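One chain, chain A, links the two complexes that follow: it is found with chain B in the first and with chain C in the second.
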Partner chain A sequence: MSDRSIRGKVAVAGVGETTYYKRGQSPDAEFLLGLKAIVAACDDAGISPKEIDGFCSFADDRNDPSRLSAALGVKEMNLSNMQWGGGGGGAAGVLQNGAAAIAAGYADVVVCYRALAQGQFGRYGQGPQVPYIQGERAFTSPYGLMSPAQMFAMKVVRFMHEHGIKQEALRALSMASYHHAQNNPRAVMNGKPLTEEKYDNSRWIVEPFHLFDCCMENDGAAAILLVSAERAKDLKQKPAYILGAAHGSGYRAAAPVHNSGDYPSSNFSTVAPHLYRQAEITPEDIDVAQIYENFTGGVLMTMIEHGLCKPEEANDFFQLDNLIAQGGKLPLNTSGGNLAECYMHGLGLQIEAIRQLRGQSTNQVKDAKIALAAAGPMVSPVSTIIYGTEDTL
Partner chain B sequence: MSIIDPIELPVPYSVDEINREFWKLCSTHILHFQQCQGCGHWRHLPRYMCSKCGSPDWHWAPSSGKGVIFSWTVVHQPMHPAFGGKTPYASVIVEMEEGVRIVSQIPELLIEDLKLDLPVEVYFEQRTDDVTLPFFKVIE
Partner chain C sequence: MANYLPEGLPSPAPMNDNLDVPYWEGTLAHKLVIQKCSNCNKHQWGPEWICNHCNSFDLSWTEVAQKGRIYSYERVWHPVHPALKDQGAYVVVLVELPDADNVRMVGNLLADPEADVPIGAEVEAVFEDHPGGDMPYTLVQWKLV
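Right after this comes the complex of A and B.
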């Protein structure tokens, strides 16, 4: 690929979140949740919602830019963009798209957002409840394989067996998220700490995933406001700059019925090199990581494919002490993430990366200057952003 | 682990012509996959062109029916009501000698005996008048 790069051209001006609810408990409709998060991001930045001229979303968000523009009273809409992919794999890609539009001059103030009320609409995580199955699912459902948890478990089983990785590694990933959630008042699992015993005694969903290895289902909304690096200098918040952004997947990564070439994979093996090339850093430069937990096994593979840990070191590296903000080697999911803060399809993890660089996290990593936030392991496309403070430019 | 109530479990119902042929060929009790007539590459699930050489020409070719366990998961929480009384059960991926992978079950194999690369071979069970499904058993 070329040496063109987004590095330092675009910055995060504002972030906004609604209250995060358990699934079905939002008193607000999904569209209103979206509006609230967008307005909160504008307040955070000190920019009027009417100044927004670009909208980017992902995961087939139902709240389209034309309706949002009308509701917010935006003066003109210059960008309307959707990142493909049904799951959270676009939670970083959505920012990549918004940043590209700003760098290209298509729009000046781009909001990247996700609103999700699973109570108002359907639930994730379940298979179709019908007796006759068409298409690709017909090749898996008769054998009891129909949900994302089940499909992804098979990638993780193979990966763990190939590399001799123990269940305790997954437990440490889950415990890191729950550990951080206890300091985060926004977290749905705040006040509900997780112990090794509680994890070990929790029920299996699909092996190797216990209950606590699986993301929550939530209602809420989140939004991130992007502007040019020049504009960001004069705003309310300390800017977090995009140093690198990449999305995609490797050769036939989504080949049906488990026929992908690089099967036991989070699908970042081709994405990560583009990311580091743009950002002009190496994995050793990362101060804090936010990695999308659909299931803990995906986090493990994502970190390895981003060069943050070698497979043969996994059992030693994935220990709670290494992963916490309070002195860990590589603090991970410092808001509580999708497991314990909120499953907002991973946009909350992007916001936490930005908070770390502003010095505003409830689990602040000392002197954090470079943060990596990855989205959607094991789906296609997956995506990652590397953010940096002004010092890193 | 025994199987299975043939009435209530989900069965394939194909509107797609190539998918329908795959399931129809299962009623011969010989597993068939598509094979490219351009380069000989095997593929599954059924599709219209070869991802390796790009040729649109293909035919159904009989598989040896033999392969190895490539991965699995043990399901404890059923995601479909028909599997409610069946847990825990293992769903497996078998990598066939031809190189393609297929999802199935190995009903007679104990969960604790599952391991990577264990040799297995296909057999068939008729589920409805129209549907015969491939399953696997361990090669002794």
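Right after this comes the complex of A and C.
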């Protein structure tokens, strides 16, 4: 294999999360949430925060690496990096960037982080309340197409139309996340199980998305600490190695006014082949998947575009029994994910993939060795990482 | 004709760089005017400074046929803007224009918002004037043929 692959060169040393809150309910300021998650990731790894020398974030995070470095007393900062793209499309790309910097020798201890306090800074899921609107949104907002759910629903409608996929497939994806959240004390929806009846009776947000097809909005922070594979061997936790990492999107994916080349798409069809080539595995080798649920329809297309299911088999494959950690064919979103654990712009899903390989999940998949974690379907760029245990190197 | 959605949503305004002015001038005159490359003759929408097919900067604006085909749609129920609080369901359609290289436009389907929406059906443009305010504008809506 070419020396230009990231495979096995970088490992996750530590993960950290704050308490996860409903949106607007964090008692802590956003910057404090970020600090707490970073310090927790360092504690988990057994590395002093002062040893961090690289910072990577995404989704236009507001917490500047220079301020973090000063606050933490970081000795030297050798990397400050922002992954382009709003929303959570960068939740894996942020780790890809950090890993690349370590492999290139730019930095040794890189923290990838995201902090969100919507009470302090305002929320998502609303249309712009301004008198005039310009640019691309002038061609959509006056028609009542304004929110993320509305921006993506037409892609999913077209995809389901082309492949004859039924609403029950989306329901199974939602129920898998809620099922797993019931065993996860960190999950915001812990203690709030979802039934088929409850899903079917829930209000439409925008067809084909019921309320339970849409992610939550939350306050909190998450952080992941990356080091070289050599360094990871001597740390507190069992390392999870990066086997492959890719971000991007296909032909004119962000073309204005819904004119993308491959419209009914999660935007992973060009990204996934790079991932599998680097990781030197096939989709059949994936033991557990964490797929970013902004909306369930995006999960469906992401799994198909990663080769985890064929479109013509979707109605049979997307059933709850196939998706749960307790004996499912392909356990999915085993923390509860963005629907039912926390919407930390998908960084929580990356952490859950790592936990599965350490054997620390609250919905542990037996002998999980390879985990896939994808971020941000339907936006551009999207990103994915495949993690493996030492056995897979 | 009553407007499809209530007043109070953000009004469209031309871009500060004037890139899309010919489109908005066209709709005011009840014409559908979009970009066409003078080099390769391909249409493109939305507007951009360069042709995405041949990378020519020599783009012109041209009137295209006011007919299309429903490519996708969504039925919206949850109001995400105060102006839509009492609206109930409404339908947004994505319409492709077969006479203009299948570029797509977003609009509303002027029909019972709870009726089935036939993907692939032929539609024609309906111009919805908004003459009030200090910057009058016209939206392009669609109805089944």
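Just so we're on the same page, the second predicted complex is superposed on the first by the 389 of 393 C-alpha atoms of A that agree within 3 Å, B and C clash if a C-alpha of one lies under 4 Å from a C-alpha of the other, contacts with A are read in each partner's own complex, and residues count from 1 in each chain.
What we mean here is this: a contact is a pair of C-beta atoms (placed from the backbone, for glycine too) under 8 Å apart; a residue touches a chain by one contact, two chains touch by 3 or more.
Values in this document were obtained by computation on a predicted structure and should not be read as measured data.
Visitor: With both structures lined up on chain A, is it a clash or a fit for chain B and chain C?
Guide: clash
Visitor: Quick check for you: in the superposed arrangement, does A:153 touch first (chain B), second (chain C), both or neither?
Guide: Both: A:153 reaches chain B and chain C.
Visitor: Is A:136 touching anything from chain B or chain C once the two structures are fitted on A? First, second, both or neither.
Guide: It touches chain B and chain C both.
Visitor: Contacts for A:200 in the overlay, against chain B (first) and chain C (second): which applies, first, second, both or neither?
Guide: Touch partners of A:200: none, neither chain B nor chain C.
Visitor: Contacts for A:312 in the overlay, against chain B (first) and chain C (second): which applies, first, second, both or neither?
Guide: neither
Visitor: Quick one: is A:258 in contact with chain B, with chain C, with both, or with neither? Answer first, second, both or neither.
Guide: After superposition on chain A, A:258 lies in contact with both partners, chain B and chain C.
Visitor: What residues on chain A does chain C touch that chain B touches too?
Guide: Looking at chain A, the two contact sets intersect at 125-136, 138-147, 149-150, 153-155, 157-158, 161, 203-207, 252, 255-259, 263-264.
Visitor: Going by the contact rule at the top, pick out the chain A residues touching chain B in the complex.
Guide: 125-136, 138-147, 149-150, 153-155, 157-158, 161-162, 203-207, 252, 255-259, 263-264
Visitor: So in the complex, which bits of chain B are touching chain A?
Guide: Against chain A, chain B makes touches at 8-16, 19, 23, 43-45, 51, 70-83, 86, 88-89, 91-93, 100-105, 116, 127, 133.
Visitor: Can you check the complex and tell me which residues of chain C touch chain A?
Guide: Answer in residue numbers: 4-5, 9-16, 20, 44-48, 52, 71-78, 80-82, 84, 87, 90, 92, 94, 103-108, 119, 135, 139.
Visitor: Where on chain A is chain C touching in the complex?
Guide: By the definition above, chain A touches chain C via 125-147, 149-150, 153-155, 157-158, 161, 203-207, 252, 255-259, 263-264.
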